[in-house]
């Protein structure tokens, strides 16, 4: 693994934050959101701010931009110095002048960060109109020029496109162009690649790097992903609960973390090394999917539409006690397959056999008795439990549907709580009283309460912080071992798949491009697409948990682009 | 786009058909006898019976419906049972005042309400916000006729700026039109302003919390540009929607306002027709207002795409 | 939030849980005042028969249109009836109409909306009918319905309710349609819960919060519509005083006896103002977007 | 704010489109020329029916007097006078010969001929109850030449001239023969008369406004105008009738000079006009109106005479009239079933109602009748201002008199429909309703429909009363006014005993005009001849 090792001690200091305190607006005595932060960034440097959700990294960036939501948060102490200019005491007009010219920002979600009703060219040009006296023609020329610099194709056409007509990567390029058009000294990038697929993420990271080199911009890069940090950072600050717990050059931090929290964080980061192969028991498959097809829409009235082929001829099976992962980027059809198997949608073709019963053609009524054999855990822990129901009621719903007496179901629910490491008195509480990870445990308990043969986990850990993610993955493993459940694990993250899956199916645009044992697929990908996925996985050469490079990095033989 | 509009137009057919059947049945079930109002107080039962025969009121219901509906498809709205005039002529005479007042109301309302709502949202939780919201809640809370009386008392009787009542069409002179249309329009506008200002504020509040507004501010865009160029256009769709659905409220208000200000519009025509059981007029008017309502909302829906390029039909 | 907060749940938490209120729901002074004023008006109206000095229907041709005095607190109307007694008693009926219309339209709309939201087959037909009802101006529909049933209290409530129902149906349907997509509903399907059970136990509670908000608005507008119906001569019988028909009867006297419009108008407007303010407060509290911002 | 405009193109286009369509639909401009005199009058109701024969509505009758003329008309002494024609009666009182005067012309320029008169009288005879009685005894009605009409009877009909000269309910207006040939059950569609004003069909908006123009070729009689008789001299160019649904609006418009005349002024609102110096409030029709209650003879309890008498005792005129009118100057306690100021008027036996209410007497009578407390259904219209009060006041009085009252509110249309229902109470029937008549409409036994006692053929309420029918026949046969009066007094006594209807008293409705509107003649019908309008 190659880390950046440039030395910036001689470069001029662009941003200096000292003892920055941010608290709830109008409530100076309440607990602070930022509790006295120090931060330095020098010209040309990429400084990564890393931490879990709620650690205060985004608040830091917004405070620097002077964009704290005015009803909610306010700076309550300390200073933010941008090349000698004190931001915390600047007027609105001064801040306006500063923005885009000296300090610029790109955001996580390029879809929502661009104004959907204005042409993207206009949105870039607006920066020029606001801050320069360029004529219309000059402004347009400059706009097209910067669009060219961020490697947008066919800039004349894209200039007059609306955001929704562009891909996620293109939108983020527009954001970058907009941020850099006036050549600011500091670029703040707040999770700029989190919403993108890995392959796009890689391109955007490369682009930021390229632009930074070309313009000599200092970059404050905010991310939760240690892999990304390893790829791009010169220096790193780790944040936890409004404080910076550790700050160091990248190599130092990854090899020799000083703080417990940093260690804990790093230990939880998954890597691409496949799990050790497990013994294959010779049992009949619990789930057998053959030739599954799913087409949405099609043949409208007055206007014929083609329909979207979300899944095409998908075939695989899972034996009891084993985990099969379906991996792919957004739009690959992986969730469609999961939903077809769960019969939340009705497949348009193929067969799905669960525990010996072909279910893809059963009516709702016919299907009902078979429901207990297969259960699902969803991605969003905040929406997968009925907010109006106590945990107990949620846990008992399934068993009661299948005739278990209420008292027995309650007793079983209590046992389940122990199984997922939650106190039994939590049964009487409502979901909003739990954290995301805890809710996901409850969702798992609810699924397990049915004693299913198959558990489908649809991006079940994607919304969780890495440390929590690791715990939940452990729990799933534990549950599987205890009950011998077959598990279908849907994820976009190869690293997570590597952690938990015995077998892997790689999907692209609704079709399976490669499938096989995890070890084989990840170490020896045969398909170009698989290979590009592996290649794009950030920090794939580093074994974060053990603070060293991976002994045998997953190969990307005959690497592509 | 064309296909969409065609589809929507076709979709209005069942709606209007249901309206037609519903109104027809409702009226025929309602007690009342147009023959009796036609003949007056001293008519004998035998005379009434003969008149009913003449008017076709003694035919079986389904025959009456088919006759009426068939005529209507041919563009014949029928003849008023009471005044024996062609309903289409009545509509032609009466629609102008109502539409002119309605359009003026919409213009006044939008011109007042949108800036009010934008500023209230911008100055969220300040006294300006409070003042705008109080005004709009108040606008909902006072009966239309009371507002009308107060305006007449102040502007027509005390100040004598405008006439007390009446209507003049724009072709009689713009001055005459405005001086008579301004009070009814203001009266109607109170509710409409309240409605649109609330929706503008709510929609703007939502939009102002969006990422792209933050992006615009991060670009150093001036606040008025943020509000009107970036935010308002994005907030437009719900505002347009409320203007469309609020149209129904406007029609209800028109009925009252036309009485208070003595405007010969379709609101009064319809109320009078209901009270006189003048079936062809009621049926035609309700179908007409329903049709206008549907059309206005179709126009509103189509206009979404002017504001939001994501909406394409 | 690794610790699980307080182990027992209070009634407030149950309520906030049910309505999905943010835990830190903050009420301002405005809503508190509104609630107070409303409670005073409601209590004064409900208990009016206990304290009003005259029978609100008792006419006396010899004491018509009296000015306010010790004998008649707010004067008398053209029938020589005591305005104060009529206004206070009238409030009862107006509030009853408001609450009645709100309850009936919400209840009917809820049932139809749930059916439309969950049964695809019924949805098309129901929504076409609802669209049609929406297209008929509410006032005209109400006048026609009153003409059909006569100006009794019940018939006026129905006349106000019918045009409101489609709006409630649309609301319920949209809530049901979006709640159907919630993972917890899909989880319930996966757990083998029957459709009626999902409909009633999972989906219906989602409609309560918006329906409470909608209900307050319907209540307010019903009181207003009753006044307008009375104004147009299609209101409740004059034997049952309401704020609306007191004003309607007094409208000709606006210039010589403003009290006939002023007092019922004031109470009516105050009442609607407070109901609307509380509705707005409830909406702000219950609006998930607001929650996001506050939370 | 500049941005706001450019950001809202859609709404601007929409508005412009609507504006354009609105302008297209605007009615043709009613531009009056400068030197014309126009009287704008607010009438008591909107004109919707243009056929004065098919309906008895007052506004339509008033319309009839504007554009049509009549053969003969009653003057202020109820005496028939020649209008379009002089007449002669044969010795045996079986032949009436009418001779049209010179210069009569329809608005389309055609002269009025005997044929027109005959056709018009025949159509009228099918609709009017008095006319029906005459035609029952008609041998022939012919026009031997253009100027002469001969009416031959099979037996003498004393009040014939009174009937055809009557000013109200349905007077026999003369129309061209082609119009008069329209069936009596169908409304006419051509509005051509020979009266002093021409109907402007262009500007007619049913229920809203109607415009009349002076008929330049009208030749008025030379006599002084007296009620409907005498010379109809038109001194203005145009008369516009409008309606205002809101009394207050009309009064404010009059005070502001936007209109010239209000036909019926709400008495309570007169104080508003006190501060308007150039407005005159006065009574134009001294006869005024009566308000009456009608019981339903078909069903209990009003099928019992004692119960009807109890109702008579329970009600008091003064209370009712005071509530309706307020100012005693504008009402008159009057127990005469034919009106107090008419030739046949007599108040015999009416003390019980004129001096009432007498709840004790009512209770006694109810006791005697064995009234079982079944609620009586009183129909109360909500949308006709002049009829709103009576049922409400009556309900209270009846309750005090021991009745149980079910006051059922409904719109006037529902009253109109329901009062025609003979069904029992539980099946859509009724017990009592109230209505108003102009005094000339009840002033004699042939005109007054409420003294018709022919059961199912009688007016709503359907009394079967052979005694009164006999008296009506005697009245027709009566030779002298004295004889007629004697019969009328007997009818009065009979009605007070049998309670065919309850006379609730007389009232007048004042009018208001700008003071530059002058020379209005006194009349029960608001006519616009003789009126002048000075420049203000």
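Every chain is named by a letter (A, B, C and D) in the order it is written, and numbering of its residues begins at 1.
As a working rule, a residue touches a chain if its C-beta (ideal position, glycine included) is under 8 Å from a C-beta of that chain, and two chains touch if they have at least 3 such contacts.
In this text, all values refer to a predicted model and were calculated from it rather than measured experimentally.
S.K.: Can you figure out the chain closest to the middle, judged by Cα centres?
M.R.: Taking the mean of all protein C-alpha atoms as reference, the closest chain is B.
S.K.: Could you quickly compare B-D and A-B and let me know which has more C-beta contacts?
M.R.: Of B-D and A-B, more C-beta pairs in contact link B-D.
S.K.: Centroid from C-alpha atoms only, then distance subunit B to subunit D, rounded to Å. What do you get?
M.R.: Spacing between the chain centres: roughly 37 Å.
S.K.: Please tell me the distance, in whole Å, between the geometric centres of subunit A and subunit B computed from their C-alpha atoms.
M.R.: 50
S.K.: Which whole number of Å gives the spacing of the CA centres of subunit A and subunit C?
M.R.: Averaging C-alpha atoms per chain gives centres 46 Å apart.
S.K.: Rounded to the nearest whole Å, what is the centre-to-centre distance of subunit B and subunit C, using the mean of the C-alpha atoms as each centre?
M.R.: That gives a centre separation of 23 Å.
S.K.: Which parts of subunit D, given as residue numbers and ranges, touch two or more other chains?
M.R.: 246, 248, 252, 383, 410-411, 413-414
S.K.: Spell out, as numbers or ranges, the residues of subunit A touching 2 or more other chains.
M.R.: 71 - these are the residues of subunit A that touch more than one other chain.
S.K.: Find every residue in subunit B that makes contact with two or more other chains and list them.
M.R.: As it turns out, subunit B has residues touching two or more other chains at 31-32, 149, 225, 229, 233, 259, 275, 307.
S.K.: Flag every residue of subunit D that touches subunit C in the complex, lowest number first.
M.R.: Going through subunit D, the ones touching subunit C are 246-248, 252, 266, 268-269, 271-272, 318-323, 326, 380, 382-383, 388-389, 392-393, 395-396, 407-411, 413-414.
S.K.: Sort out for me which residues of subunit D touch subunit B in the complex.
M.R.: Touching subunit B: residues 1, 3-4, 7-11, 14-15, 18-19, 21-31, 46, 48-51, 54-57, 60, 127, 129, 169, 183, 185-187, 189, 204-209, 242, 244-246, 248-250, 252-253, 255-256, 258, 383, 410-414, 416-418, 420, 435, 437, 441, 449, 456-457, 459 of subunit D.
S.K.: Help me check something: in the complex, which residues belonging to subunit B touch subunit C?
M.R.: 14-16, 18-19, 22-23, 26-27, 29-32, 130, 133, 137-138, 140-146, 149, 153, 206, 209, 248-249, 251-252, 255-256, 259, 270-271, 274-275, 282, 285-286, 289-291, 293-294
S.K.: Residues of subunit A touching subunit B in their complex?
M.R.: Counting only subunit A, the residues touching subunit B are 65, 67, 71, 92, 95-101, 104-105, 107, 109, 112-118, 126-127, 130-131, 162, 164, 175, 178, 301-303.
S.K.: In the complex, go through subunit C and note every residue touching subunit A.
M.R.: 1-2, 4-9, 13, 17-18, 20, 23, 182-184, 186-195, 197, 202, 205, 293
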